[in-house]
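So, here come the structures, one by one.
The following pair of complexes shares a single chain, chain A, combined with chain B in the former and chain C in the latter.
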Partner chain A sequence: MTELEKQFQTPMVNLLLSIADDKLFLGHRNSDWTGIAPILEADIAFSSLAQDDIAHASAIYQLIHTLTGEDPDQIAFHRTECAYLCADIVTKSDDFNWASAIARQFYCNTFDFLRLQRLGESSWVPLSSLAKRLCAEQAIHVDHVHSWIDHLGKGNEDSAARIQTALDTFAPYAAMLFEKPEGLDTLHEADVLADHSDFFTAWISSIETTINNAGLALNIQQSNNKGGRNGVHDADFTLSLSELQEVFSTDPLAAW
Partner chain B sequence: MLSKARSNVPLVSGELTTKEVVGFPVWEVFTQKKETNAHLHAGSLSAPDASFAQQFAREHYGQDQECTSLWVGLRNIFTCDTGGLETYEIFIQWKSGDKHEHVGEVEAANGAEAKVKGAEQYVGDKTNCSIWVAPISKLTKINSATNMIWRETTKQEYRLAKGYSRIVRQKWDALRAKKAVDAYQEEDLKDTF
Partner chain C sequence: MVSTSEIFEVLKTIPDPEMPISITDLGLIEEIILDDTNVLIKLLPTFIGCFALPAIANDIKQKVVELQGIDSVEIEFVHDPPWNTDRITDNGRVSLAEHGISVPDGSSPCCNTGTTDTVELTTSAFTCPWCNSTDTTLTSPFGPTRCKSIHFCNACRQPFERMKKV
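After this line comes the complex of A and B, so read on.
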């Protein structure tokens, strides 16, 4: 199907916003490391991956534009706080602790890969084709961050302790990635998307091998809380949003 | 006013909680822009091991232009005379200042023999060439056909230096040519740019 029926438009926009917002804010957060990452090559690589995430977000805002006609820049930058549907892990501050940045990246990248893989099977062709293309690139991010987990876990006692602490600290936020945006069940019921009730367990099995091989432990519980996907955000998100909107609120028509 | 999101940015890298690691080995990276092109020396990087060298090379050298293939090897393997009987990749720098270019391969008993054979087969009468050889078993080769390097799914123009046009360059050159900074500060900058 290339045309999305009218009744699925709002749930689809919610779903697309949740993906694009995740990527926009994660890319934004990760770009904080440009210039100050612990080693030069990690700095370059992390910046490059952050650019990718923002490019992915842009492609998804563009897809939303085809449904709503809204300008992609307006969608990205000009919403009120509760209209952003990212999970708060993407804006959760790493306090310039590299282990925290890697833990956040690890949870988000692996989740995104699985999410894109599943969206690649959607019956709505514009979504499935975009998701498949993004998924190929997402695989690179996953490879990269798996390397980091492996190296930090096996590095020495200090690095292993730091990454374990970071993984544990970010785990409750990672669980919130799985919160459903409003209307997702409608898309499942209509077979626009297959129902992925095994999403959480599939994700766990996709990451626990890497964690265990690195000598680390995965301590994470499924959550039913309401949060970012339903527009309920924490203080770190609010700070991130105000920073992201600084330029846009100064000059909404700026082009670059 | 800037938001407080980054109020705790470390001012200098030394203030980061992780100490900078020194003493990583240096790796050389070769990239191929199109399948029909030779692999050219792209540059070097520091990394603790082959796995990270590969990851860093992909982002550092695989993302600033189209890239269909990427080879990574420890710096010291390219100039090494020792080694075992195997295939050696031959890289030649035709004249000083050029990049080393992959020209082919030879079977050899060690690096020294590979250099001699490489010179015989690929250099001919030319003089002043620099030859690097690398045992194939010590190179990490990444082929974009099976392992994506350059991402073209989304708009990637921002990664390329295309926006830096000849005209902008000329303007900068003109500014730099002026003897004193004050001289152009006195001018109307709007006329210059």
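After this line comes the complex of A and C, so read on.
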């Protein structure tokens, strides 16, 4: 199917916003490390990850544009806080602690990889073809962050303790990645998207081997709280949003 | 009246801004649609976030509009089919090898398998394009461009680049 029926447009836009907003804000936070990451390769990696994330977001905003006609830049930068549907883990501050940046990246990338893989099976072709393309690139991010978990877990006592603390601190926020944006069930019922009730357990099994092999523990519980995916955000998000909109708001109609 | 093959000949002369290879040898051209004096060229980006895309689009517009009988040139980036290194021509592979850039075969099956070790960056010893040794190590999965990783050959003590499997 290449045309999306009208009744599925709003749920689809919500879903696409939740993906693109995750990537836009995570890319923004990852770019904080440009120039100051602990080693040169990590600096290049985080700058590249940020570049990919923001480019992926842009491609998804472009897809939203095909549904709503809205300008992709306006969608990205010119919404009110409650209209952003990212999970708050993407804007949760790492306080320039490398272990925190890696833990956040680990949870977000592994989740996003599985999400894209599942979207690659959507019956709406414009989504499935884009998701497959993004998924292949995301696999490289996942491979990279898995190796960082391994480095830190097996490094020494200090690095293992730091990454364990960071993984535990970010775990409740990671659980919120699975919150459903409004209308997702409609897409499942209409077979636009297969229902993946095993998503959380599939994700756990995709990450626990790496965690355990690195000598670390995964302490995470499923959550039913309402949060970012329904527009309810915390203070770190508000700060990120104001940073992100700072330049754009000086002249919202400027051509970039 | 211009033909699509004449347009393709022009595209052959346009180098990739970041690689020692033409955009046609890199396999970026998906379709050329000619409507009288207007042409639409559909391109496949190697990586979605490639910085070179706007430069490539500009180069194409400038060169193709110079053709007699062409009034307008539109560029569209499409993702279906996804680009992969199998689209690189033999000619292109020779040029890349001369510059110490190795090229994988096939596309990444990770979207079907759900596992990421298929990207092979941390699981395989790649062949050094300088001396053919397989005693090589990954230096960084992220290199000077979005589509390449950086490796080091322990035999000839030379760094080399490899295009990523996507």
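For this structure, a couple of remarks:
To be clear about the criterion, the second predicted complex is superposed on the first by the 254 of 256 C-alpha atoms of A that agree within 3 Å, B and C clash if a C-alpha of one lies under 4 Å from a C-alpha of the other, contacts with A are read in each partner's own complex, and residues count from 1 in each chain.
Convention: contacts are C-beta pairs under 8 Å (C-beta built on N, C-alpha and C of every residue); 3 or more make two chains touch, one makes a residue touch a chain.
The structure displayed is predicted, hence computed values, not measured ones.
With the two structures aligned on chain A, chain B clashes with chain C. In the superposition on chain A, A:P38 makes contact with chain B only, not with chain C. In the superposition on chain A, A:H151 contacts chain B only, with no contact to chain C.
When the two structures are aligned on the shared chain, A:D95 is found in touch with chain B, with no touch to chain C. By the touch criterion defined above, A:E243 lies against chain B but remains apart from chain C after alignment on the C-alpha atoms of chain A. Contact with neither chain B nor chain C is seen for A:K23 once the two complexes are overlaid on the shared chain.
Contacts of A:S129 after superposition on the shared chain: chain C is touched, whereas chain B is not.
After overlaying the two complexes on the shared chain, residue contacts for A:H56 are found with chain B and with chain C alike. In the superposition on chain A, A:R115 makes contact with neither chain B nor chain C. In the superposed model, A:S206 makes contact with chain C only, not with chain B. After superposition on chain A, the stretch of chain C that runs into chain B among 5-13, 23-31, 59-67 or 131-139 is 131-139.
Looking at chain A, you'll find residues 41, 44-45, 48-49, 51-52, 55-56, 59, 133-134, 136-137, 139-140, 143-144, 147 touch chain B in one structure and chain C in the other.
Across the complex, chain C is touched by residues 41, 44-45, 47-49, 51-52, 54-56, 59, 113-114, 116-117, 120, 125, 129-130, 132-137, 139-140, 142-144, 146-147, 206 of chain A. Residues of chain A that touch chain B in their complex: 32, 36, 38-42, 44-45, 48-49, 51-52, 55-56, 58-59, 93, 95-98, 133-134, 136-137, 139-140, 143-144, 147, 150-151, 239-240, 242-243, 246. By the touch criterion given at the top, residues 47-51, 79-80, 82, 107-108, 110-111, 114, 116-119, 121-122, 139-143, 146, 164, 166 of chain C touch chain A in their complex.
Against chain A, the residues of chain B that register as touching in their complex are 2-6, 8-10, 13, 16-18, 20-21, 24, 45-48, 51-52, 55-56, 58-60, 63, 148, 151, 153-156, 158-159.
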